[in-house]
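In the part that follows, the structures are each spelled out as structure tokens.
The two complexes that follow have chain A in common; it is paired with chain B in the first and with chain C in the second.
This part shows the complex of A and B:
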């Protein structure tokens, strides 16, 4: 399991986007999500973020996500970019 | 027009013409452009007219406005996102924002949370990593080991720590079961925060019921003391009241504090107004404000600004009478020489609380 070294951020607050900020934490994976489609897609967004953490084998992280109705592919892109900016080594994952 | 055709442009703050354009645009919203910023962005349409703008001072977002014809189409989100990205390049991820009460819904929809409001003038919002909730939790944790009973608090800059500060705190220590001393964290004083904090800690070691903590981002900080949301003389009044409100509404209950001590301030106008705001606001939250007269050394009133003056003039006999051993030892140490040198070349331009 890998850790991130510093804070990283990606995305915007614009419609159809999601702003992801990742911060090093002591242990585990902690997700703080705010979404305009929370009742409909809150769980799905969380699942997407958790899946990426598993794929990238990252732990000891706090993820703050402000979602403005982003598609799954957008969420993936923003999370991976935030991790990259936080110093994580991004592994290519075969779909 | 389409937002995609709008162009973001970093305003050259050294160019009076560009700054004047932004100033004029903001005037249309009855907002005064606060020139004391690090970064300003302006969005232009294809006719090169400004359609939106926003500025950044450290982690405080300010001067935000979007042309009326374009409001409600998510352009505020673009301006705010742009400023957040800029702040992130400086490693800042906790954002503050001041606005008028009628603008709050616009920013709430961007996940900004209200911290407090002062009268009908201004509202302080925050977003990003860190929140007043987690801050209150952490300072409450730091004070769990203090004796139970009546608790008092002081907010001090201690630039540097003097016998005057010690006298006020000693009295608070006698009159209360426990005392929490909050040292202003903002690094805008002659003596760096780390030094000020250490000298306060060392100088107060002999008082077992006193706990020294950093004041954090919510007390006398760049965030709680902004300068743009009102004009001219109202500015200081609104800022001091907002700072007092945050203390009364959030900080004091979290710390279990029911009294706040302040030093009488005969020299600094800003501090005098701040004390006035505390006297007006804190009792509304059930907090008693105790104003202490200044301690004297001989015929002279002890103050940190006087100590700084004496450093400039190399009057070490006077300094010796005004500061405790611990501060004196630091001032004559080799470690302090860089700070003293800076102090001498800058002169004294700071007005700070006690």
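This part shows the complex of A and C:
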């Protein structure tokens, strides 16, 4: 398992986007989520973020996500970019 | 109990009301309501110094129904002014019948908390009052009607008004009123006309007194009992409805263009064409494309109907429509036009959209373009509640125009944010699917299976026709299948169809 070294951020607060901030933490994966579609997609967004952490084998991270109705592909792109900016080595994952 | 759309209506609501039985399934059985006949003697004055004195003269008592109209929209000062007076005089238990409620009416919440207001009857509400209602602030469910339905309920004696307060942009001291003069000129006063016709008492509140006799007259002296001069009836800037500009969003433009092409494919772009569209960006853009088609073909339309915008005024002035039938101005341009152009006619809510009279204007519509917050695969439309279950609108004229028009087109993005707009079951059925013909999205056009001939016309015109289920699946493929939101059990609003039957209820949102 890998850790990130610093804070990384990606995305905006525009509609249909999601702003992701990743911060190093002691252990585990903590997700703080705000979303305008929380009742409909809150669980799906969490699952997407968790899946990326698993694929990238990252632990010891706190993820703040402010979602304005982003699609899954957008969420993936923003999370991966935030990880990259936080110094994680991004692995290619073949779907 | 279930109504004809399969919506579950709780026993307590259903027992005193008729349930929806099809768009034209319920017939009128009553006689028109008649308020008490009264007289005024020569030399008697109608001018009263202030609202408090009017309250004492009538007198306004606890338990009465007070009515208001919404032509000043989010600039209205009259409703708040009148209710402040009621609160000061210790009056309780009022029913407020306001044709629409806007964010500016926030003080209503305090009046509800203090028991001054215990019942609401409206066609549309947005902002903090709608949110408070959704969270259960009122013990009695709000009655939500259509614009035509409110006129019908007043005329048929189902909504009995004790005192109608008319926000009068201009009045004389004997109660003649118009909406085209004065500082708060808003144009048409169409929604106030049934109130003035059938209320037991009518009060004109004005900030612009003209010499007697005022002309032109929208509401006549024969129906008005008192006239009160105040400093200001509201802020004319608040009249302008949300967006009155054509959208620049390419997706919105594509939808608008396909909506216009749908009208063309239905063979309606011809001399005598009649049309209604809203003030939203995409609806206005559809008017733009319709206009291009009319100009190209050299077609002269008959009339445009409904809430009128400056864009419709432009079309009138360029000779594309012969008449405008105007129940409400959406911008100041509409107000200026109705004041000077005899072909721009003020009509009452009754004339516009009532289902129970000898014919309203919606029955003569060729095409109407309307919005939606949700559409289901049976083409039922929700315009009452948002994706969180909170009330954010209401039918207004939506159900009326849909029922009347030859072709009813709903325009919407396939996804709003992440949310698919086409669902299995809308949260709140407002306009029944049998009155909706076409749904236009950026990814395709779905035609109601009740209209196979229309589908054939669209296919022949080469338009991208899809099944509504296909569009739903397409949206879910992009966004994922949304979880159903959970609501509470308590009913916070009863949604009436235009004929007065219960089409659905709105439940309290879960906190």
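As a working rule, the second predicted complex is superposed on the first by the 95 of 95 C-alpha atoms of A that agree within 3 Å, B and C clash if a C-alpha of one lies under 4 Å from a C-alpha of the other, contacts with A are read in each partner's own complex, and residues count from 1 in each chain.
We adopt the following convention: contacts are C-beta pairs under 8 Å (C-beta built on N, C-alpha and C of every residue); 3 or more make two chains touch, one makes a residue touch a chain.
What you are looking at is a predicted structure, and each value in this text was computed from that prediction instead of being measured.
Student: On the A-aligned overlay, A:72 touches which partner chain: chain B = first, chain C = second, or both, or neither?
Tutor: Once the two structures are laid over each other on A, A:72 reaches chain C alone.
Student: Touching A:40 in the superposition: chain B (first), chain C (second), both, neither?
Tutor: second
Student: According to the stated criteria, A:15 is in contact with first (chain B), second (chain C), both, or neither; which is it?
Tutor: It touches chain B and chain C both.
Student: Of the residues on chain A, which ones does chain B touch that chain C also touches?
Tutor: Dual-contact residues (chain A): 15, 68.
Student: Where on chain A does chain C make contact in their complex?
Tutor: For chain A paired with chain C, touching residues are 15-16, 36-37, 39-41, 43-44, 68-72.
Student: If you look only at chain A, which of its residues touch chain B in the complex?
Tutor: Touch residues, chain A against chain B: 6-7, 9, 12-15, 19, 21, 23, 34, 62, 64, 66, 68.
Student: What does chain B use to touch chain A in their complex?
Tutor: 74, 77-78, 80-81, 84-85, 88, 91, 93, 110-111, 128-129
Student: Which residues of chain C touch chain A in the complex?
Tutor: On the chain C side, the touching residues are 387-388, 416-419, 478-480, 482-483, 485-486.
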